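Scroll down for the structure; my scribbles are underneath it.
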Amino acid sequence: MATTPRVTVWNEFRHERTEEKIRSVYPVGIHAAIAKPLREAGLTVRTATLDEPEHGLTETVLAETDVLTWWGHAAHAEVEDRIVDRVQQRVLDGMGLVVLHSGHFSKIFRRLMGTSCGLTWREIGEKERVWVVAPSHPVAAGLGEYFEIPHTEMYGEPFDVPAPDTLVFVNWYQGGEVFRGGCAYERGRGKIFYFSPGHETLPIYYQTEVQRVILNTVRWVAPLGWPATPVPSTRIKGGHRPEPLEPVRPA
Amino acid sequence: MATTPRVTVWNEFRHERTEEKIRSVYPVGIHAAIAKPLREAGLTVRTATLDEPEHGLTETVLAETDVLTWWGHAAHAEVEDRIVDRVQQRVLDGMGLVVLHSGHFSKIFRRLMGTSCGLTWREIGEKERVWVVAPSHPVAAGLGEYFEIPHTEMYGEPFDVPAPDTLVFVNWYQGGEVFRGGCAYERGRGKIFYFSPGHETLPIYYQTEVQRVILNTVRWVAPLGWPATPVPSTRIKGGHRPEPLEPVRPA
Amino acid sequence: MATTPRVTVWNEFRHERTEEKIRSVYPVGIHAAIAKPLREAGLTVRTATLDEPEHGLTETVLAETDVLTWWGHAAHAEVEDRIVDRVQQRVLDGMGLVVLHSGHFSKIFRRLMGTSCGLTWREIGEKERVWVVAPSHPVAAGLGEYFEIPHTEMYGEPFDVPAPDTLVFVNWYQGGEVFRGGCAYERGRGKIFYFSPGHETLPIYYQTEVQRVILNTVRWVAPLGWPATPVPSTRIKGGHRPEPLEPVRPA
Amino acid sequence: MATTPRVTVWNEFRHERTEEKIRSVYPVGIHAAIAKPLREAGLTVRTATLDEPEHGLTETVLAETDVLTWWGHAAHAEVEDRIVDRVQQRVLDGMGLVVLHSGHFSKIFRRLMGTSCGLTWREIGEKERVWVVAPSHPVAAGLGEYFEIPHTEMYGEPFDVPAPDTLVFVNWYQGGEVFRGGCAYERGRGKIFYFSPGHETLPIYYQTEVQRVILNTVRWVAPLGWPATPVPSTRIKGGHRPEPLEPVRPA
């Protein structure tokens, strides 16, 4: 039904360049680790990073993007508001968005959710177990009942997001917390998926199950069955319709 | 279970003062028409309007407000962003918010929804019939299967909002449209209800069923069972929790 | 991602054989009209009807069915409970189910919903307009904001079903009603879609938009990405797990 | 807004009479332990048990019941289908239903859910932590971010229920599982809440937080604002409406 989605993998790409501990895990950037398995699955993938002009997210790039994945952490505040406006509009017009890990605090995710997107966190390398609670959802395709991440950063409730349209994963942590770690949303004509695993100092994005989930999310948020260029935004924005569709009798 | 909620009825209050056609329907302002039946039901009600200092929504007023109702139309852009920030934070901390009619395009509603909140509209005074599709929801209490508004402004789909947590009303219009006219949301610790009927040139806010619904919405969004002052926002915002709740064994 | 789903189109197939008025519209049965455009889209389609042994829904047929579509009207009570049990189990194990029009009162739909599935109806051939309220949902793929059915049977609220996991269509009727005419559900590992248009005396199943929607529903409910044979039901049924996944310390 | 709900606390009441280990925890039955704090909160409470005529759930008793709580475990199969029919109809007509712990496998809960309601379980007395994920829901009123149950029976995912209309609690278990332990549903005119804690050999129903939650659930599922006797079921069941509400013009 769908043609192959064109993916743009966005990354803040700062601390991989400045912190040896992080560079040693993701030597050419987290975006490279995220992009590789998507390319191997046959998707058309480009990358973009914060320090490129317009953060690499020009009108042209976005017009050629069916799915955008987002990874940011330390420099959320440096993302320009006009670029956030642009990405938000594209999502409402039909572009898919996958928000990863610390992207929960990105401007674009907070903008689209309308809440603080706050959570609790802890960084002691404890064990995480990701449980599937919506087994019929495409994002869970190919998974068993759960998978484990041996060492993780804990993300815990309360997670201040709208109740997801579909809750797909709930995480268990050794230290005693739970977290709604896989949340599906529909906004305008676009789909959004938030997936919590993945930390800059841990090799989580090399783990098979995590790569499978990210591939699934990209396929699910892609505007399946719609033309590659979504219908003009005037369609969804509505507006004045002075003539009724049916005759209206005088009162 | 709940104490009586303290309500602040907010109104833009511009065109009632400048347009005779509107003044004749709402001579002392739409806020007065909305506030009256709430007071008669025993609620504690104050009003606030755009042209008051801080739009009448000072920190003190909001701290004493359990439920805020919002009516705006022509001057959404004049509401200051810092006041929108303040109201949003209060909602996330537990204050109820009732958004009425053209308030769908207010800054505060768009901020909390994350979408354009666009719709189609038509102003020819056609008939509207409001159908109850969630009969067990408190907002539908006391209503039959539907009620009618003899002359209305049409608001039609597509309505670019997140799918409501509960859809309570669906409107039928003589001219051929439908509209999700009663939408319940939960955001942070706060509840939000959008209710579409009500137009500045039509006496809709004097209609018994409409007044009953607004009273129901105020009661539903009120922080029932919570202390009058919601818990501090640090609770829901989460944060760093360096110590695990359970012992974490070395790997 | 998915292989082509194998579809079984089920039909009560009674009144097409006995009532001339109905035979003239669907001379070889409603199932034939539903199956034809699915075949033309490249799907593997078989049909089954009430008066076949086991209603045509043997263990073998169901084991080879990824998606079952259901049309019944006058003889719901004649469907054997053991066959209903079998279909329900298959849906919970991952088979997709598309319930059409008067199938709202079928045993299988009522079983899966847990409610009466009642509605109001009227058969005077009035106009219907089907509005899309979830434009990003795959079932709405290729549609505009709405489509019209020139002569229809009215189905109206209150519709006694659980709130759909996603509400995709809302119908407008000339006679004054609205109806949630496109409802998506997930139950166990299976997806279910209820689509209201289609009446035995009206040529609705020959209309292009209706055929497109049914094709979309079949594709959406198909167990995308899962193996053709869903995982064994023991997986989802859970059971006793005497050994903890993590060490439990004595209290 | 609401009058005090009349509650019927139903219990299977078998193993408290036959197993010393259970009798020692709940000497006069689990129903007594559940009823006591409800009475102390001022509610009107009666109890009913399996071995009474009609299981204590006569037409008269149900007609005088606003909220029914359900505890069963070993004898689900002994509940007569005609009583299940009766209770289901009352829920669809507006009576609230609170299903506790092993009641997940009761006929009435499975009937109303339409799924197997299966889960995994383990009985080694491990620790449970109940997290609030919907802080604005009335069922969470008065709770903090979480509460702990020192020794519990584990109930784990996959839990084969429809996605709740609102997910209120997610449980963490020491042994490595998570569970959607607080699930709110609306069916027909009735509200249903499933709450997982509570085991026959453990004093969980004497714990303050558990008692508070059960009180909250009873208040939430009560038909707030509706007359004590819900409207007749013909209202929600719909039916034939031969005359249109609006004039229908000839085609």
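Just a few scattered comments:
For reference, chains read A, B, C and D in written order, and residue numbers begin at 1 within each chain.
One rule holds for everything that comes next: a residue touches a chain if its C-beta (ideal position, glycine included) is under 8 Å from a C-beta of that chain, and two chains touch if they have at least 3 such contacts.
This is a predicted model, so every value here is computed, not measured.
Among the other chains, B has the CA centre that is most remote from the centre of chain C.
For the pair chain A and chain B, the distance between C-alpha centroids works out to 30 Å.
Remark: chain A and chain C have CA centroids separated by 31 Å (rounded to whole angstrom). The geometric centre of chain A is 36 Å away from that of chain D, both derived from CA atoms.
In chain D, the residues that touch at least two other chains are 127, 129, 134-135, 145, 158-159, 163, 165-166, 173-174, 176-177, 186-188, 235-236, 245-246, 249. Viewed as a network of touching protein chains, the structure reduces to a complete graph with every chain in contact with every other. Put simply, chain B touches chain C in their complex at residues 129, 131-135, 145-146, 157-159, 163, 166-167, 170-173, 176-178, 180, 247, 249. Of all residues in chain B, those touching chain D in their complex are 1, 94, 127, 129, 134-138, 141-142, 145, 165-166, 174, 186-191, 216, 219, 223-226, 235-236, 245-246.
Note for the complex: chain B touches chain A at residues 88, 92, 111-116, 118-127, 150-151, 154, 156, 158-160, 162-163, 165, 173-177, 185-188, 235-246, 248-249, 251.
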